[in-house]
């Protein structure tokens, strides 16, 4: 492995731009992602920066079970994210639909049906600590030797 | 011929300023925004449809998940509506504990709303201060109920966990810390000249307009409307509750009302802990058939549950009216009228504390 | 000018300066009182299915037959960590946060009743409800194996051309039948009451 | 009186655990059976005696007259059609084949309009099938493709696939996965773990896509195949590959849609593809309780499963030429004997126009849509209720149905044997 590649790996895993998209959640996971910004958890000390702009993001946090409005829009957003990219499902909703996965619901979970999911953070809602450690654990795996893997 | 509308700019549904998907169409003439229109429907999950035919212990969790920010009040209004239907009495200790949890949740919600406003007007320092204080509030919520959000604390006829004396002491200590911090932040907000530039006199809605638009909660109270449903709640009346009202009706007033209500909540919790009666925390009682419409004061305003149950206590029909729907429409039509820039659209919209998840369910 | 003074005052508070130079974020741990996913305490499960009955999230908990007896299993991604199963379990098989301690001290519990209703006009008599019912499977192994029931001890069976409910009192309210009915013909009404025993004498 | 372990003569499941309560030679209650079976057991409004069309009225006649009429009709016909057979027992079907050979007629059974294409595909590539017991005891993945067992075979799920405790599965009900592939969300789909909704007529494409994924050529799959997202196809293929033992059940939704037998061929090839990774079987969801039996009986007596033409003196089989719909549509046949089926309810209009022109004799206990086309209808005993007989379950297991009632009605076999004897006598003379 070249030194350049090593530098790239190191830099990439310490500089993660995050976009999050709420495809029909109860807001619970949403504000727990926000709480990660709080100085208590301080997501930025790990080099994670929360944008809401898919075009400059590396990691997409998907929150919520998929509502009919989002079925096509979610794919569009995913395609707008430049490579290398990864999606992390936050909370139960994108994994199983949580309590909404019942008869009569309008949602169509799981999110895996629409975009590939790299990691899942179960919980309703997950604690900010769990979200943080999930993002931190998924980042190096994806960005390590990205060029080698996708040559 | 003179063109009145230059271009129609859509904001959202994915926008850095609002955390939930909503779309605002702004009709602009130059830099000025003439009219706005809010487009909803990105979060419709059909919760009321799912709720039908389910017993309280399932609907309770669905009600909580109508909105994750003000989950406690959804739980409380639903449970109190069921208690009204089934004529279940609540032990006094449980009623006080409910107030404590509800006020903690209200504090968290108000601080979050003010955080979003500060974030939107790019005052990130104050925003981060507020978010950190919110963590302290959530700690207390977690200590009492076991989880930070979606606490599932109230059940028909009582609450689930008791407040231990050592936790009560810790809560009082935390509350005075929060009060100190909040005093400082309120001072910063009140006196900050840059904040005043972005807040004072922007998004003004006067009293008549507020009444005509049926606004509720802090948004209405900032325009001088008396609308706090806690004035009618028996436990709050025992505690001697009075409403916070301001008269300016602009962004600044709406945020300041929330700051003041946080202090009020702190006082209420203190009073609750001091006068917490002894006794059981659960009275029992089965849910029965009946029909009622019950309203409570959510952090964003009046929240109404209209419920019809069958003989086994299952919800046959349910309709929820959440506060944000009135506030969002009032915001779009009364506050954001002929404002000077697009930036004011976002800040005014956030100042009315819209909750899209509540709204669309 | 006033704002500059304000910010200077803000940043030169000794508290802030101390924080700035000795910044320490809290370690990423959950407090002990956090209601995490229920874990097993090691006590014996009697397969009463109370946990499945009270669980508000679909597919979050199942009592499975493991080597050496029954054992509840929690499915993360479905479980919403409400702690109701912990509180409802009469044997204390599950534990989460400090719910067990608090409930045993306050003597709080849930008691429940169940009612079964079958809508004959919707029912196809496919037998899914009878065979999927965990109590039926336990009572009559023949039913579980072949879909045939000859025993009168089961909760419900197809008898006389309709789903006949024989022992409503055996129902544990797990709603497996309701979830596996393709026509929504069978409905379980669960009536749950939160109760509290008499306070123990101060000791 | 309670008759235990009766066999339900309705669908291909042939549930053999039915308890029938009989009082005064009437069925009063049925236990364990599904709605369909219960209704069949409790059936009322049976015909009292054979009827003969007399102008625009019906005339009651005796069995002797009716049998004589049928024998005469068949003997005088140039190209008689003997159709149906799936609603009767195997012994009667035997007699039917002999009869067809005697009068040099065409014998066809209902599979020519239901699972005929499946049989054609099986003739081409073989049938990796198994009995229902194997599925019950081993399968941890069941796929229903284009069939809705809750409506058509209600107890299939509870007895054999979804819920039944398996000998080799610890928590069978939890461990089993059910995938439903259909064009609409059926009742079965509502209790399935995975529902694949395809556009009508897209079965072949979806099967081919699944084959490609199983072969590892995932990158060749477009974003959607016949309305199914690529991700879902990959998930389904992975579910199939990771199963220990899978079973595919297909219904007319696969057989009788665009592509016909090529669909089934593709499905069988998918199964053999999957069998390189794990164990997989495929079976048809047969409709009538003894339609499998009619194929069996025809095959071991004539060599062909359906649509056998004896006009040349030897058995000749050419689906599309010697099958009932084609013969009727070409207005070839000049007499029809219909046993245990109701073609008038299912055949195209053109066929029915011809059926109305020719003499028709029907053997059926109840008046049905075909009655309107009949010259003579002979009420017979219902196999499994007031007659005994052998029937073949959908997986090819012969089951002897039991008699729960005693009535005066003759069975299909008796009526047909008498007819056959009369015809032989007449020919020998």
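By written order: A, B, C and D. Residues from 1 in each chain.
The rule is simple: contacts are C-beta pairs under 8 Å (C-beta built on N, C-alpha and C of every residue); 3 or more make two chains touch, one makes a residue touch a chain.
These figures come from a predicted structure and were not determined experimentally.
**Q** Between A-C and A-D, which chain pair is linked by the larger number of C-beta contacts?
**A** Answer by contact count: A-C.
**Q** Whose Cα centre is nearest the centre of all Cα atoms in view?
**A** C
**Q** So the centre of each chain is just the mean of its C-alpha atoms; given that, what is the distance between subunit B and subunit C in Å?
**A** Going by mean C-alpha positions, subunit B sits 29 Å from subunit C.
**Q** Starting from the mean Cα coordinates of subunit A and subunit D, work out the distance between those two points in Å.
**A** Distance between chain centres, rounded to whole Å: 52 Å.
**Q** Taking each chain's centre as its mean C-alpha position, how far apart are subunit B and subunit D in Å?
**A** From the centre of subunit B to the centre of subunit D is 62 Å.
**Q** Which parts of subunit A, given as residue numbers and ranges, touch two or more other chains?
**A** Touching at least two other chains: 39-40, 98-99, 102-103, 124, 127.
**Q** Can you tell me which residues of subunit B touch two or more of the remaining chains?
**A** Within subunit B, the residues that touch at least two other chains are 58, 61-62, 150.
**Q** Among the residues of subunit C, which are close enough to touch at least two other chains?
**A** Answer for subunit C, listing residues that touch two or more other chains: 34, 56-57, 80-81.
**Q** Which chains touch which?
**A** In this structure, the chains touch in these pairs: A-B, A-C, A-D, B-C, C-D.
**Q** Could you pull out which subunit C residues touch subunit A in their complex?
**A** 25-26, 28-30, 34, 56-59, 76-81, 184
**Q** Would you pull the subunit C residues touching subunit D in the complex into a rising list?
**A** 62, 64-65, 123-128, 130-132, 137, 141, 144-150, 157-161, 179-183
**Q** Which residues of subunit A touch subunit C in the complex?
**A** 39-42, 45, 92, 95-99, 101-103, 120, 122-124, 127, 129, 132-133
**Q** If we count contacts the way the header does, which residues on subunit D are in touch with subunit C in the complex?
**A** Listed in rising order, the residues are 17, 19, 21, 29-35, 38, 42, 150-151, 154-155, 157-160, 162-165, 170-171, 173-174, 187-188, 190-191.
**Q** Taking the complex as given, what residues does subunit A use to touch subunit B?
**A** Those in contact with subunit B are residues 19, 21-32, 34-35, 37-40, 51-54, 64-65, 67-70, 73, 77, 98-100, 102-107, 124-125, 127.
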